[in-house]
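Data block below; observations after.
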Amino acid sequence: MKHIDDPLIAPGRVRLRELGISIGNFSPGKWNAITDVPGIKIGHTTLITDDKEGLPVRTGVTAILPNDNIYMNRLNAGAFVLNGAGEMSGLIQVQEWGILETPILLSNTYSVGVCSSALVKDLTKRHPGIGEKYDVVIPVVGECDDSWLNDIRGMHVRSEHVYHALAKAQSGPVAEGSVGGGTGMITCDFKAGIGTSSRLLDGKLQAYTLGVLVMSNFGIREELRIDGVPVGKMLFNKFSHLQRRTNSYGSIIAVLATNAPLTAHQLNRVSKRVALGIGRVGSHAAHGSGEIVIAFSTANKIPRSSDAPIFAMNAVLDSAVNPIYQAAIEATEEAIINSLCASSDMKGRGNKLCPALPLDDIKKIFSERSSLGE
Amino acid sequence: MKHIDDPLIAPGRVRLRELGISIGNFSPGKWNAITDVPGIKIGHTTLITDDKEGLPVRTGVTAILPNDNIYMNRLNAGAFVLNGAGEMSGLIQVQEWGILETPILLSNTYSVGVCSSALVKDLTKRHPGIGEKYDVVIPVVGECDDSWLNDIRGMHVRSEHVYHALAKAQSGPVAEGSVGGGTGMITCDFKAGIGTSSRLLDGKLQAYTLGVLVMSNFGIREELRIDGVPVGKMLFNKFSHLQRRTNSYGSIIAVLATNAPLTAHQLNRVSKRVALGIGRVGSHAAHGSGEIVIAFSTANKIPRSSDAPIFAMNAVLDSAVNPIYQAAIEATEEAIINSLCASSDMKGRGNKLCPALPLDDIKKIFSERSSLGE
Amino acid sequence: MKHIDDPLIAPGRVRLRELGISIGNFSPGKWNAITDVPGIKIGHTTLITDDKEGLPVRTGVTAILPNDNIYMNRLNAGAFVLNGAGEMSGLIQVQEWGILETPILLSNTYSVGVCSSALVKDLTKRHPGIGEKYDVVIPVVGECDDSWLNDIRGMHVRSEHVYHALAKAQSGPVAEGSVGGGTGMITCDFKAGIGTSSRLLDGKLQAYTLGVLVMSNFGIREELRIDGVPVGKMLFNKFSHLQRRTNSYGSIIAVLATNAPLTAHQLNRVSKRVALGIGRVGSHAAHGSGEIVIAFSTANKIPRSSDAPIFAMNAVLDSAVNPIYQAAIEATEEAIINSLCASSDMKGRGNKLCPALPLDDIKKIFSERSSLGE
Amino acid sequence: MKHIDDPLIAPGRVRLRELGISIGNFSPGKWNAITDVPGIKIGHTTLITDDKEGLPVRTGVTAILPNDNIYMNRLNAGAFVLNGAGEMSGLIQVQEWGILETPILLSNTYSVGVCSSALVKDLTKRHPGIGEKYDVVIPVVGECDDSWLNDIRGMHVRSEHVYHALAKAQSGPVAEGSVGGGTGMITCDFKAGIGTSSRLLDGKLQAYTLGVLVMSNFGIREELRIDGVPVGKMLFNKFSHLQRRTNSYGSIIAVLATNAPLTAHQLNRVSKRVALGIGRVGSHAAHGSGEIVIAFSTANKIPRSSDAPIFAMNAVLDSAVNPIYQAAIEATEEAIINSLCASSDMKGRGNKLCPALPLDDIKKIFSERSSLGE
């Protein structure tokens, strides 16, 4: 079991910006991570081992804590399903209420059940009022399919792994790549998993930050683009000898957070822009892909109950919202690419190898292009 | 041309409550009308005549003004399409922005175009900034099909009729029945058209009022229910000699307004409850029916532009919203029934007769039931 | 543990039609149950006991098998969320694809996880191609909150209870009331749970049948209506001495099945009519209620894979669909009322008593009304 | 008034492929136009003149005829609203029914009304059964805002312009650029308007073709990308002396057609991929932009009425749909770029100049990149 105090990134790997490549116009925050939005904590449980029967365990759990007591300090939230061949348990309620009231867990497809049960146990233990003074709670759990590398049928994620991810959640830098829920995941036939990026808004919105964290597991090699450059095609022959996924095209779960005071309605709209960012990296939102976006704002706490039926909240004026859209697209693209940059080669089920994105090639491609004035 | 200073109701007709029948638990406001929500004005242009060729004109325009300057003082808005075999031009933008910025016009199906054009002319004249300092404007126009009585192909609604409805809009009591956009309309094979009702919220929400105005044109006789009582079935034989609509099942446009500070997201949700109210009156939301709900809150004015990108607004706490749902259902049911109560028999196209709802029978049915303790 | 071979209905209870009361115009099928749609099987695991600590277990699992091999013989499906304060895990994929490929499980809120995990295990065992030749599978699991009577925190549903419900699923009559997932559930403050009803279509559609099964757990007493009659209000004083649910308004999951060849798009639309049926029984779709409808057609089997990329299917002509809408509303109302009719008094958590619907009173109310010509 | 028999493209301009640049992997059809889908006809009315007061008229109407009698031979249709700050009158019904039954008109924002009215007149004249044997008809009319160049307040589009576009509609090559509804439109601050492209599917789907036609009017210069290359940024300084749109970010209407037998549900899904294509060209779907996609399949004719309530249709197997998604993205990107390639400089309101996309620069940029192996 690998913990968040492990290296933040695989040995020998660097994040996209360390290659001298950046995406878009806005500056990233201090950590270039979703944790640049104050209050957000991320925790991973990473399972990389072989089980008793020698089957490869390449999976885990990632926990996103929107604040220190999300059940009592609920937040406005929204979502967009670009292609719904995936699952985010609890999303129906988030969309109905426009409110997030649990941490968000990310794991593999067959671990949605155990994550859901474990989060119920955790929350009901923390909050005795659940199911008594308050309604029962419905946890938010997103998934992607890591079965190409991971023995997903073994259902190796257990409750304790959920508790660990929740307990280890912290602010500051975020471990990326083959960690947490993204441990066994693949993007455009390169090893990927968890990635994150953030943007500092500017001008009138300069008080605000926006961050995206993805569990990225979609696409085919020839469609991969970095900042528009079709690197997947350019690198295609180099990897044509390797086996790759066929029956499935994976998925991506994207989580956007911001401290800008967006309403639920606005967060639904921002979520669509995250989808545009996914599309720019090369997704055609394949039939079998679960491309699901959830977004929340930490600005307005929605009281769980109150004597007063009315509460005051702030909102971004509709006509001021465009920079947030632009930043959301940028951060999404960079978060996905960071998930690739952070991951090393991984061997998994059936001894199959998923190669890392070759960073030297990427660097070379971009230095040539920059000489052309891009 | 009949004006709003004409009788508020057809001679010999009374509203539902004057029959001693009321629906639900909340009290209505002073006028039992959408105009009980402060600031709302309603205007009608009613066209009941024969044209030069002797064809029956039974149509008109109804204008709903959410406040005195809706273009500059925009309001949160939402919608729900129960069955979309109808048109509300401009609804896409209302749903996208969660904002209403024009009056709402109601007319017949083939007059959406002229109403839309006329409202553009009216608004661009009032607001020179439109299309210059501000974006172009997209008007909200809803329709139902009045072709069973009205010579709809004659397209008798003209721009001047739109301007007249806008100019005559006023607060206070609202003319109902065969007036405005509802002039030629039919509900459950009885003459109907415009109807309205309101509810005063109570308890913690007692500062707030909610009103519904419908242009009601749906359903078949045997499905009509008043407060659950299947009056349509009970009266069926009495009217079985009369011709009735066959190929179409009409539509209903419902407009809900409240001064409770509901967000766009909440107004979408309230709109679904209006649909439940429509269902209780007997609608099965027929394939050919356009059952479209739009809702807005007068509480928060959304600045058209501002130096500050953030504005403060109030919202109803999610857990306090149920009385609003209940009141929305009640008011919708009563608004529809009021559209029937207010309308007299009407003859129209092909000399067909659409009968009024027989109020004496209704009164008798309910007095019997009340003796049973309902 | 109570099995489906137990009595179909609690001792001394009868279904609505046995009271001489029927809803709507269409005739029910042989069993007046969702199983009148050929091929559908229903299985329950019912848990009524006290646990080791003396806490009351009043819960269970209901399994709906759309056909004998739903994973390989996938079906068109649709859904509608009237109010989404609930969970149906897997619904995102059903809505995206318009396809149902797993059984549907119904249980309590905190058992979604275990049901999901158990169904994954069951399906991957039956179909070795899952996750290999085919994508991983995402199960469909719906829930309501039974915590007023049941020790929901005890999470008493285990995998074996899921397997049992699946194994016991059978065609023919369906056990109703306090069985399966509905064991501890309550509707309008009376004991309810599972209910079902069916309708035989007629005229041109006479080859087809439609059935609805509900796990009904919504509402407050004063809103209950049977065929429009406000029985909840009329019976209110009789039960005013009893404690009832306060902080929650429960939920309802409704499953509609038909052998009419409806497309996914049409099944979405039919699902909205099921919501209208829920509304007619008295639901205002409370903020805290999860009123979720799923619908499927057994007519067209969608090949899991095929050499040919095109397949032929049948569809109901859009203009012929209204009887299906009407029947869906009727069957939904009757299914909900059947869930009440079939249930006896139940004591549960904190020794609270949930009373059965008093059938003698209902019978009396309706016989009086029928004397008035309803 | 310029007609379709005018040059297909502005003098001195060429389509993207004539620059040696192509987008994506699939081959285009014979005309690289939506008309490669058999049966589709396109007609334009182009208005480029000054009105009596010397105000610049730069607008028009484009008509898309899905087949020769769309009212009787209705087609499956779907839609997706990426950002709804725009209008497509009639879309509510298309989305509800999943059926298209009128031609599609494209014009400027303030001409939706006149286009709607004129299309009603045209259709009711052609089909006396409308409003008698059949329901009334609701036309589909999409719009973008051309007010930067065009005197939109003048409302210069008249009924006769609609009739002309309908009458002139033909198969074969399609005039692009500053024609029809796109006459006064702008994309990423370059002159644009109407553009189109098509793709021949291959493999098992090789019998099928897909085409996209856009009325493109969105974006800001610095966001423009062609096949991922940020040409907008690279060309930014060259045009920084020119005035450009500020208060508005325009819109785009995209129409996708295919003869692959897609269901309504599938056409909704394909429409989302058109949105991804829009995003790849640089749209962030700005708050004020109406980015609306409508899609239809010519394969299955849906009978308007029939003695049999069931009809047989074909559908693409869900697992075979990915190439259609990929082709939809490609064709959308190329259609947008073609709208830019086909347009010359245009002067309009206030003597403002909107520059053409500098094709020589584009050619040079791409030839440099191709030397790098892209």
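A, B, C and D label the chains in the order they appear, each numbered from 1.
We take it that contacts are C-beta pairs under 8 Å (C-beta built on N, C-alpha and C of every residue); 3 or more make two chains touch, one makes a residue touch a chain.
Model, not experiment: these values are computed from the prediction.
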**Asked** Across the interfaces C-D and A-C, which one involves more C-beta pairs in contact?
**Response** A-C
**Prompt:** Taking each chain's centre as the mean of its Cα atoms, which chain lies farthest from chain A?
**Reply:** B
**Centre-of-Cα separation between chain C and chain A, whole angstrom** = 35
**Prompt:** Hey, how far is the Cα centre of chain C from the one of chain D, in Å?
**Reply:** 45
**Prompt:** Do you know which chain C residues sit against two or more other chains?
**Reply:** 83, 96-97, 269, 287-288, 318-319
**Asked** Any idea which chain D residues touch chain A in the complex?
**Response** 82-83, 225, 227-230, 233-234, 249, 269, 272-273, 275-276, 279-280, 283-288, 318-319, 321-322, 325-326, 329, 365, 368-369, 372-374
**Of chain A, residues touching chain B in the complex** = 96-99, 204-205, 261, 263-265, 269, 302-320
**Item:** Of all residues in chain D, those that touch chain B in their complex
**Value:** 81, 83-93, 95-97, 109-110, 112-118, 120-121, 124, 131-136, 138, 145, 147, 152-153, 155, 247-248, 287-288, 290, 292
